[in-house]
Amino acid sequence: MFLKNAWYVACTPDEIDGKPLGRTICNEKMVLFRGDEGKVAALEDFCPHRGAALSLGFLRDGQLVCGYHGLVMGTDGKCKAMPAQRVGGIPAIRRYPAVERYGFIWVWPGEEALADPAKIHHLEWADNPEWAYGGGLYHINCDYRLMIDNLMDLTHETYVHASSIGQPEIEEAPPATRVEGDTVVTGRHMQNIMPPPFWAAALRGNGLADNVPCDRWQICRFTPPSHVLIEVGVAHAGHGGYDAPAEYRAGSIVVDFITPETDTSIWYFWGMARNFAPQDATLTQTIREGQGKIFSEDLAVLEAQQRNLLANPHRKILSLNIDAGGVQSRKIIERLLKEERDATQEVSAS
Amino acid sequence: MFLKNAWYVACTPDEIDGKPLGRTICNEKMVLFRGDEGKVAALEDFCPHRGAALSLGFLRDGQLVCGYHGLVMGTDGKCKAMPAQRVGGIPAIRRYPAVERYGFIWVWPGEEALADPAKIHHLEWADNPEWAYGGGLYHINCDYRLMIDNLMDLTHETYVHASSIGQPEIEEAPPATRVEGDTVVTGRHMQNIMPPPFWAAALRGNGLADNVPCDRWQICRFTPPSHVLIEVGVAHAGHGGYDAPAEYRAGSIVVDFITPETDTSIWYFWGMARNFAPQDATLTQTIREGQGKIFSEDLAVLEAQQRNLLANPHRKILSLNIDAGGVQSRKIIERLLKEERDATQEVSAS
Amino acid sequence: MFLKNAWYVACTPDEIDGKPLGRTICNEKMVLFRGDEGKVAALEDFCPHRGAALSLGFLRDGQLVCGYHGLVMGTDGKCKAMPAQRVGGIPAIRRYPAVERYGFIWVWPGEEALADPAKIHHLEWADNPEWAYGGGLYHINCDYRLMIDNLMDLTHETYVHASSIGQPEIEEAPPATRVEGDTVVTGRHMQNIMPPPFWAAALRGNGLADNVPCDRWQICRFTPPSHVLIEVGVAHAGHGGYDAPAEYRAGSIVVDFITPETDTSIWYFWGMARNFAPQDATLTQTIREGQGKIFSEDLAVLEAQQRNLLANPHRKILSLNIDAGGVQSRKIIERLLKEERDATQEVSAS
């Protein structure tokens, strides 16, 4: 149960560098590649000749060549050529709208006519030289909503990430949650606490003392279909916290694009964007490795939770105040899913 | 199809040393841990908050802490505390009666009200300084009754364990099988034979000549739900066999606690208790390694048999005289299963 | 959907050298072994006593002994002996006609009364000192007909085997396909081309220049149930091509015995028979390694194709002119399957 008429992150440019990539997005088995003039494309991963996987093929002159019998597929899903064959009668395969933007390849697994690139989530920090970004990709066997719950309730940091970003003060600061249209914002502000190891390192990376009391903030923003962007940071205490001037703070944006693969698995694109020391590639790499390690700690927890829920389908789970961010996000998803279903039925009925 | 109202071995103390253990027993997914004052406990492995696996959590002050959001679970299945939350409204999860006795943790996967620790199988050799015990655990993908069949018909030793405890004389000595209440006893006595390698080593370990004719015995006892304890041994021939004085014999008890995991898989706790040289830890280790190697030879046989039976559900298997021990054991299990079903229906009807 | 009343290659002699072999052929789980006087036999892999896998047993005096309780099984499927037991009442298990011929063990998974060894495909090159043979076995998760399609349309060589036997001239030479009774022949002749790497090596192995223009041929022959034998070769151009005298040519027969394991998996026996330098064992080994590497390139393609077809059961695949060999082969299979079904129904009705 996920929105199909939405833009999802499908892959990063390095994954389609010089070769096609097979990936399932929202139960749609796709081949992603860079075609004519470098434009990205997504097609069904199914050769119209005999059903071979196009993702096992190769690229030639901006077209995708099937690795079995050499059909040449254009970015529009039409067969352009085949050795010693006329191709007029070969049916086109489905193409999915695909756009490269902000350092990601985005696809629209639903109805092509509705795909408006203007609806791609705007990332103000991308393509901005004052910011740096590093990230990675995990495959996790869980419903995408379990990951949204996870990210919209950061009290889990104290337990899952005890040695890096967790600290008891997180759970002592009750979150404030609000809904703004289709966006859910849940935030926490902690005053006058010592920075945990990850943030101590970030302060040092930013040229700031790491052994003084700080204010810390976590402001999670859910937007459909399944994006969670989190403003996080610390500032030396007494300078305004979240609003402190740049010389007292180290902040960044945790980026989480959660792309459903199937009903119970996801492609999880995680990363961090920061607006300090953006030219420092070593720092980017250090943060990336640290974040990758921290975020990998969620995998076992989420996969075991998913197995438990599948084994106990009729069992209810609780929603406490800390869960408000996930609860509100799910409500928005439910409403949009209903709208998508209703729109489809209208089309069918008309 | 296994008895639920029965005590099964769930694990050994080393498996819950300082951390919880997740294990499925009779299709019940449990978390086992040592709680208040060192008492063992078994709960559903399902956090009442969001369904996380409690077995991925940790222990703190004799309580189990969920590794996701920090719920503190008592040994009674009730949530005792949660960071910054009231816990009165959090429903309890199921607890399973659990008892530590004789060097094992026993659980009762059925109706709690019926769980009487006095019904735990008495092990006369446990907690007795004149005896020593060593054992191990195997996971096997087979119905628990196939393992009972295996242990209640030791003619398989000649084939499966040809190089250690098997010898042709086993199959030449017909077994005598009798039923005593809920217990099945099937025994074999072989006269004036040469000891096979395992028993030659045991004679040496006991300070006895290993190259003389011996009498050998195997007396298998099945008791519900699925325990098989086997008196085995050899004595120098001419001294009374099973009744020979201690200075002519080397004997021991093969211990087999077969705990169903699912309908077609088991946790197999195997071991050997002996009343000679009980202080000799090196001998315990040597026997344990030898037995572990021998018992591992059954795994492939049983798992292939299980696959064959699953693939041929309507095919009948034969019961010959050598199978009497298993046949009688299955009859007792069937009767007790019927009693368990009838009792449940009475409760439901009343 | 495969023919059951047919001879299939089940294994090679080295696979049953001194021990039984368990293998599923056409959904029949068999144990293959060499019994009395070296004759090959195939039985159900199911001990009539308790369902143990006979393939885990061993051979003694030309009989198969069950590794669990020692039942001695004859090549006729009857229990010949069992330790300390009468065996008259033990039911026989199914036997499958089995014949050793041409260096292969052939089995007939269907109705025993119809199994006529004279119907085994004749291999004129086997048991002939002027020929040498080398081959191997792959397990592939695909319907056997996908492999027939593959072999009856060698245009795929240009893509799948680009670095060894593929060359663009293959797809430029349209194939000619004809049906002769139950046989389909599809052939290609290429004139005045440079030999690709594999054939250059074969020319050298045959003592011929490898850097001169050649004529090349590929003549694929399908015969039921699923055999494809392919005459392949090159000759120095201008000497008659396929009909060139031996001193100008290097030719061989590609051997493909495709044995269904299940509906979507096969045992693929591949090899090459050649009538040049037949005594040169090193050459045999070199060719075998080269062919093994080339043929392994088909595995990923076929398995991905199979997954795609299973995921899209209602989707039609195309049949172009290059597919004529496979299409005609499938038509013959369909007709014979219908005949087999009709014959079974007649027997049932009578």
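In this document, chain identifiers A, B and C correspond to the written order of the chains, with residue numbering beginning at 1 in each.
In this text, a residue touches a chain if its C-beta (ideal position, glycine included) is under 8 Å from a C-beta of that chain, and two chains touch if they have at least 3 such contacts.
Predicted model, so just to flag it, every value in this text is computed and none were measured.
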Open item on the list: If you apply the touch rule, which chains end up adjacent to both subunit B and subunit C?
Closed with: A
Open item on the list: For subunit A versus subunit B, which are copies of one sequence, does the interface use mostly the same residue numbers on each side, meaning over half shared, or is it different?
Closed with: different
Task: Centroid distance [mean C-alpha coordinates] between subunit B and subunit A, Å - done: 48
Task: Touching two or more other chains - residue numbers and ranges from subunit B - done: none
Task: Parts of subunit C lying in touch with subunit B, wherever the complex brings them together - done: 29, 45-46, 48-53, 55-57, 65-70, 82-85, 90
TODO: Mind listing the subunit A positions that touch subunit B in their complex?
DONE: 149, 153, 155-156, 158-160, 168, 171-172, 174, 300-301, 304-305, 307-309, 311-312, 315, 317-318, 320-323
